[in-house]
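What follows is a set of structures for review.
Common to both upcoming complexes is chain A, partnered first by chain B, then by chain C.
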Partner chain A sequence: MSAKTRRIVAGVSGLAATSFLAGCAKDAPQDTWQPKGSNAKIIDDLQQPVFAIAGVVGVIVFCVVVYCIIKFRDRGQAMPEQTHGKPALEIGMTILPALILAGVGVFTFRTVFDLSKTSDTQMVVNVTGQQWWWEYDYPAQPELGITAPIITSGQMVIPVGTKVLLRETSRDVIHSYWIPALNGKRDAVPGRVHTLRLDADKPGIYAGQCTEFCGLSHANMRMETIALSKEDFAAWVANQLADAKSPAENTLAKEGEAVFLNQCVRCHQVNGLKKADGTPAIAAPDENVWSGVAPNLTHLMSRNTFAGASWDLLNKKCRADVWGASSETVGKKYLAGVSEECLNQTDLRRWLRNAPAMKPMYADPTQLTPTNGKYRGMPNLGLSEDDIDKLVAYLSTLK
Partner chain B sequence: MAIIERPATAGGVEIAPPATPSRAQGGFKRPVSTTGWKSWLFTVDHKKLGIMYGVMAMFFFIVGGIEAVLIRLQLAAPEGKVLSASVYNQMFTMHATTMVFLFVMPMAAAFANYFIPLQIGARDVAFPRMNAFGFWCVLGGGIFINLSWFLGGAADGGWFMYAPNSGPIFSPSHGVDFWTLGLQITGIASLTGAINLIVTVLNMRAPGMSLMKMPVFTWLQLVVQFLLLFAVPVITVALFLLSFQRNFGATFFDVSAGADPLLWQHLFWIFGHPEVYILILPSFGIISEVLPVFAKKPLFGYPFVVFSGAAIGFVGWGVWAHHMFASGLGPVSVAVFSISTMAIAIPTGVKIVNWTLTLWGGKLRFTAAMHFAIGLIVLFTIGGLSGVTHSVAPSDTQQTDTYYIVAHFHYVLFGGAVFGLFSGFYYWWPKMFGKTLNEKLGKANFWMMVIGMNMTFGPMHILGLQGQPRRMYQWTEARAGEGFFNLAFWNQIASIGSIILAVGVLLFIINVVKTARSKELAPLDPWDSRTLEWMTSSPPKEHNFDVIPTVHHLDEFFHRKYQQDPVTHEYKQIATAEEILADQEAHADKHIHMPSPSYWPIVLAATLPIITTGVIYSIPVAIVGGIFLVLAMFGWALEPSTAPETDFDPPAAGESTKELAPLV
Partner chain C sequence: MFTPGSKFFLGLTGFSIAVCVLYIALVDNATGGAVALLSIATASGLVAGLSLFNRDGEVSVGDTAAPAGAEQLTSSMWPLIATVGFVGVVAGLITHPIVFFLGLIALLAAGTEWLIQSWSEGASSDKAYNASLRGRMLHPLEFPVLALVGLGIIILSFSRVMLAVSRDAGAIIFIVAGAVVLFAGSVFALKPSLKKTLVVGICVASAVGVAASGIAAASNGLRDDLVKAKKEHHFSHKECGEEEGEHFDHLAEGTISMRSNPIATVELRDGKLTARELGVDKVTQTITFPRSNDATIIFRNKDEREARLTAYLGTKAVQDGVVEEVLNCTQMIGIDHEQALTFKIAKPSMASEKPYTLTVPGLEGQSIEIMVP
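Then we have the complex of A and B:
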């Protein structure tokens, strides 16, 4: 290549790259080019040169084609030489890409094995997908302060700078756990356990989404991973280990507890909740839901999204405050949970009024023959506005 | 059965016609008419079947296109309300199914059917009735799959139909049943077609046409037929397993019964990846014909193009698990398939180099066909390079199931396969219909499609890399990012692009209608072409060639028109296409035997949807269909290849040979 063509190629590819980058969204929560953890970083370090090589090759091909179009246009020239090719050139043009790819292959090989290591694990979370939400089950890990198992959903909380190993599976169809800022995705397959490494450099809220098509509400199956400083994580664990407290007598919330015991507890567990006769109220989602589980609501208001992390429990203003917080302040703000003033009443009430109208689910009682009458998702409970007022008051106490 | 007839050598012996029974079979006369609707319904002529394949594929292209536009309308704004979640899931499933199985595959089959016999100097395919049967199967299967729209909803599991989401519990409508069984029917067509064309290419080439003198289009189609022959049985097995699970209570993919859902993924992609080459290689073949013609020089590195095509045909079997990098295969499988996927980029890259070097030093004429061919080189290169970026497995775990993949395969399949097919339309239209498509409209068609496709699929690279997953009936602003160029902006651009793309396709349809109405006939050899299909009349006679040509060169037709001056080494025209054709007509073979039309292909094919309907709704119906199937097979088997004299009406005055009636 002459110096001139080299300058042109560099110019064009530079221009293409700049215009591409300038054309991107700022702060897209699921941007794959903004790694925030060591696993995502080694992927990014591998892919950036590959994108660059691909870009340069693309520009070269484009330039050669354009050159041909301009230079060899039919201007009445004589019939071209009827050449059938130049084998040496052909072989060269076969070996050259093979060499480039061999180089890429070596680094790919190494990265694949790096990303599959499990020996350096510092913490384990069992992650289970079902239509259309994620459940997180933290086995007891006393060295991390987790003295008894913790079950939560939607938002997974991890300590910063800790090598976490997810053990993924599913209770119905295939789902895929993906937090782009922290690592690539890994499918959660029923009957199998797949592992995925995650760690975050800094405290923050990292968004993700189910990325294996999982049926009707696939689009409404989201999740977040929240990284907290070690101290904040300890505080979170302590709170999660506590049972829910029954609201004071003669409050709206107490009446809400009665509604909850009457309706919601059929599927949703609240640890520490007692029936009127003082015996523990045990949810029986396995009798009502095909996957056999429903989100544990003991600490609902410690999370800031609900219904498969698809709707905010925080209203717009408070959400912006928490999600937009710097890595120094985000932990404290997250741990504050959802206060009365911050609660997104609109969406929560809409959900309680008629959940399947908000998020498509298999919840029509007349169409449940294939599942022997079990729901896939949450049905419309036909609650009165009065009951909804009471329930919202009760749910607000589940911090 | 075709009569594989070689031209009689000078003073040679005539081949005796096959023995035919003296009376018509089963009381029916053979449908021997050469005009009217019956001549189409019962035809076994590869050219008529090719046209019917094309018309059918074009119809489904429009159906699939409407589905695509609906998808883009739904995604034009956040929380789209055009389609419900359920309908959206059906829409993207059927868009892919339609485009893959009912548009690109049949359209490639249309070209294969029409042009392989012509390019190899044969009078028909090896098994003409089987050819007709294949067409009616695809049509029947395609209609059957789409009937589900009106019978409780179409399939909603995505074209990849991953288990267990495709099972009876998670997809309770009959959509997946229609999909599975309909694809079985189209699969039969692919298999019979593959066997037919392989036998045709291997056995029926004109004398002198060694494999390395065969046109590249025929070569790459041959590779495609082998891919079909081995890939279709795999999907057939997978579909049967799924059918038995859904319709007869089997538990092949039922995890609670000990199944591993990854079984389906392996089976599907062992079919699915070769399928990608089944879709793209015919278009590679088409532009390997078009580029040399409009560059006025032979394809650069013909053997490299042929062998890289064959190499793709082999390596294509060893890369399926790159669709499963996030499925949890373990690092060894992932690493190996990552490397094999990089390897397949090499023979594909060879083709790009060869096409570009075919242009180099040529005398380029920018017809509409050439526009599409060059468009393919550039657009396919973009798709190929984005493909290389996700052969790197770790980076694929970020990209898979996002719009980046949607962008990638639309550059490959739309920019590649579809542009190649359009190039073929413009190039071969005068051959097939005797009229040239309007070039001006053709170029407008090209530019609208290029702009539309880049606007639609280009932004999807950004959408995907910035984290928008596929197959979501809605997207939300909460994940769309900030700034003017946020994901909402790019979603809008993509949706606008899809409309422009649709207008581009509409221009093609307008062009077709305009050309059909025009009285202007095309010249015999409008592009100064190089291969045998141009050495006969346009459209060709039913028996293709008056004399089976004897081949001495690659690009035989070019060498009959031009001869190299031994002193100056310049090529000089020594004959025109008209002179060559006149010479052929003057020396026409006597006793050309063509197979007679038959009722049995359409009758046999019609029994299949009856059986599949029965499987879904009522087993007795399936049994009745099965009985008809067996009867039709017997009728087929007992039918002689040519109709007895009694089936024909007395010849009209002045008509000497009824078999030689031209295609109208």
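Then we have the complex of A and C:
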């Protein structure tokens, strides 16, 4: 074997080994091969045998091709006799793949119908995508303790072992909702409502990612589904139904509330927040943001992430503690929210200082003609460091 | 060495690159234009390579063709049209954008035709070969464009006729026109021995007839109810009470596209109003509606009288201190009929003094609450 051939063989072998070993990654939260819910298992039950069949066919074809390349390579021999067609072989090579595909098709159709079943739904969540975050609103469902609508973003919380129906739509462009461990993906399309059912076997945090290219920050449009035990879910609901409390007078957080009222409430709603005259502060994102909404921040610190679930509200140590928790303890740790000690101040401050620098967005005030002056994403508000200190103090109170 | 086709595309490649360099040098924020020009250069370079490789797809003709430029050039109308286009562009700059764009289209079309005709006439001394070369380059462009323009004129003319005549007459004209087209097409198909000039004559006469009718109808104006609707801002003032609607499109209930994915279905049956949300297998008196997002509700009338669904969508300030209710509604729906209602609510329910509701005018005590989180 020449040196050149050895180099090629070594390179190809290295590439193959790297690809093979990549399948052994442990920290792979978006692994489709580890289903954690019934619908994901239905998909897995189909994809495992289909992958095996496709693998066997692929290996056979590959081996035959390699055999032919080596066996019949040009060694200066005479051109073999040329024939036109071989009916028996051609018919056989048509019927065999057709039978394989028909077999796969039967099970695929059955899976599709199984996945589309919604008649035994136990809970409904409306999921709306917009550039570049997901909003979840829970309609009132008294049987689950949800006596009034709940609205949140980034992280969707569901009770474990409950069949949850997501009704997906979008406010701007096409997005796609995908939590690999819990179900397949489903597009969220403006003007349409698509349904997707999912449930989780065990409490845990299940990560996902928008899977339809949706613009500048598509890669930063993430989401998590948090499955909690039924008791923990009831506690979460009770907290979400409560209004935010105003901070105590003469505190930094109270000054932050004033900054929030001055700067942030134009787009971000905090339920229970009142203006100086005592009337409720109602956000008007439809006047400022192209999609017409901005995340509701009433219980910001009950979530682990912010800005489209792309940055952590928890610092590294606390995040590892929550995300690495067992299914028995994850609920309590999640419900503890973001304490002052655990708050990832670095990223939150960077965000408040200049959001578009962290997450590419259409937020340059000089280039908003196509959207009639409305932002797509959060602009740089030009906050002073003093205002940022106050805002962080206020946001920390939104448990 | 170089075939006629490859010369042309190589020239285009070089020209595109040169223009691209100039564009980048002279224009600020030139990314989009530079990408477009480089794409043209890449595509034409690729085609040049292919032309060169396969000898323009006609090796025998290309190889045996006599040297270029030996034949006289034919007369051309393109310089005249290019001049008209240029004048249109200049005149459009000071009169109206439409004049500018029509001039620009004429200028670009004439430039393309002129360029390729001139190039093809110099390709060889064989006039027939040159003509076929021109045809190969331009027919894929000319035929679809001419077909589009022709069809556009006929469709526009026919639509003017339909807007000018009464609804009943429109239906009759539509049926008769369809029958005539079907009959003529059948005759042409079954009688292939018909003279080509006769077929062409019938088609041209029909097209001219439609175009002339369209011009006459357009000059005559819209029919009365459309004139009225136009004055009233195209049905924007809807009646949302119990009164009979005068201004609606009475075929709106057939709007399938709006009904393809409703967020909920509201049904009136035996004097009771109920709702059923998409994906939820039970009736409800409250529907959750996404904030700041257009969504559609289907109203289904199973009652024993005509009814309409009216949505109360809050209030809006019309002038200082004066607010009025924002209503949206379906038309009066017949028994066993249904219609879509699409609207958007930008404010959450908590921002409204009164709940957002769906009601049927004249039906007391029945309403569906719209909850906007």
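By our rule, the second predicted complex is superposed on the first by the 358 of 399 C-alpha atoms of A that agree within 3 Å, B and C clash if a C-alpha of one lies under 4 Å from a C-alpha of the other, contacts with A are read in each partner's own complex, and residues count from 1 in each chain.
By our rule, a contact is a pair of C-beta atoms (placed from the backbone, for glycine too) under 8 Å apart; a residue touches a chain by one contact, two chains touch by 3 or more.
These numbers were taken from a predicted model, which means no experiment stands behind them.
Student: Have a look at chain B and chain C on chain A after the superposition and call it: clash or fit.
Tutor: Superposition result for chain B and chain C: clash.
Student: Of the partners chain B and chain C, which touch A:Thr94 in the superposed model: first, second, both, neither?
Tutor: In the superposed model, A:Thr94 contacts chain B only, not chain C.
Student: Would you sort A:Asp277 into first (chain B), second (chain C), both or neither based on which partner it touches?
Tutor: Touch status of A:Asp277: no partner.
Student: Who does A:Glu341 touch here: chain B (first), chain C (second), both, or neither?
Tutor: neither
Student: Please name the chain, chain B or chain C, that touches the greater number of residues in chain A.
Tutor: Comparing touch counts on chain A for chain B and chain C gives B.
Student: For A:Cys214, using the defined touch cut-off, is the partner it touches chain B, chain C, both, or neither? Pick first, second, both or neither.
Tutor: first
Student: May I ask you to decide whether A:Gly191 touches chain B, chain C, both, or neither, giving the answer as first, second, both or neither?
Tutor: both
Student: Using the superposition on chain A described above, determine whether A:Gly292 touches chain B (first), chain C (second), both, or neither.
Tutor: A:Gly292: touches chain C, not chain B.
Student: Counting clashing C-alpha atoms after the superposition, which of 4-12, 22-30, 400-408 or 580-588 on chain B is the one that bumps into chain C?
Tutor: The stretch that clashes with chain C is 22-30.
Student: Residue by residue on chain A, keep only those touching chain B in one complex and chain C in the other, then list them.
Tutor: Residues 190-192, 194 of chain A touch both chain B and chain C.
Student: Please give the residue numbers of chain A that touch chain B in the complex, ascending.
Tutor: 20, 22-33, 40, 42-43, 46-47, 50-51, 54-55, 57-58, 61-62, 64-65, 68-69, 72-74, 77-87, 89-90, 93-94, 97-98, 101, 104-105, 108-109, 111-113, 115-116, 131, 168, 172-174, 176, 178, 180, 183-187, 189-192, 194, 207, 209-220, 222, 290, 310, 312, 360, 367, 369-371, 376
Student: What does chain A use to touch chain C in their complex?
Tutor: Contacts found on chain A: 118-119, 121, 124, 126, 128, 137, 139-140, 149-151, 165, 167, 169, 171, 190-195, 269, 271, 280, 282, 284-286, 291-293.
Student: Of all residues in chain C, which touch chain A in the complex?
Tutor: Contact set of chain C toward chain A: 260-263, 277-281, 286, 288, 290-296, 346-351, 371, 373.
Student: Can you list the chain B residues touching chain A in their complex?
Tutor: Per the touch definition, chain B meets chain A at residues 84-86, 89, 156-158, 162, 164-165, 168-172, 255, 258-262, 295-304, 326-328, 330-331, 334-335, 338-339, 342-343, 345-346, 349-350, 352-354, 356-357, 359-366, 374, 377-378, 381-382, 385-386, 388-389, 392-402, 462, 465-476, 478-483, 485-487, 489-490, 554, 562, 564, 570-571.
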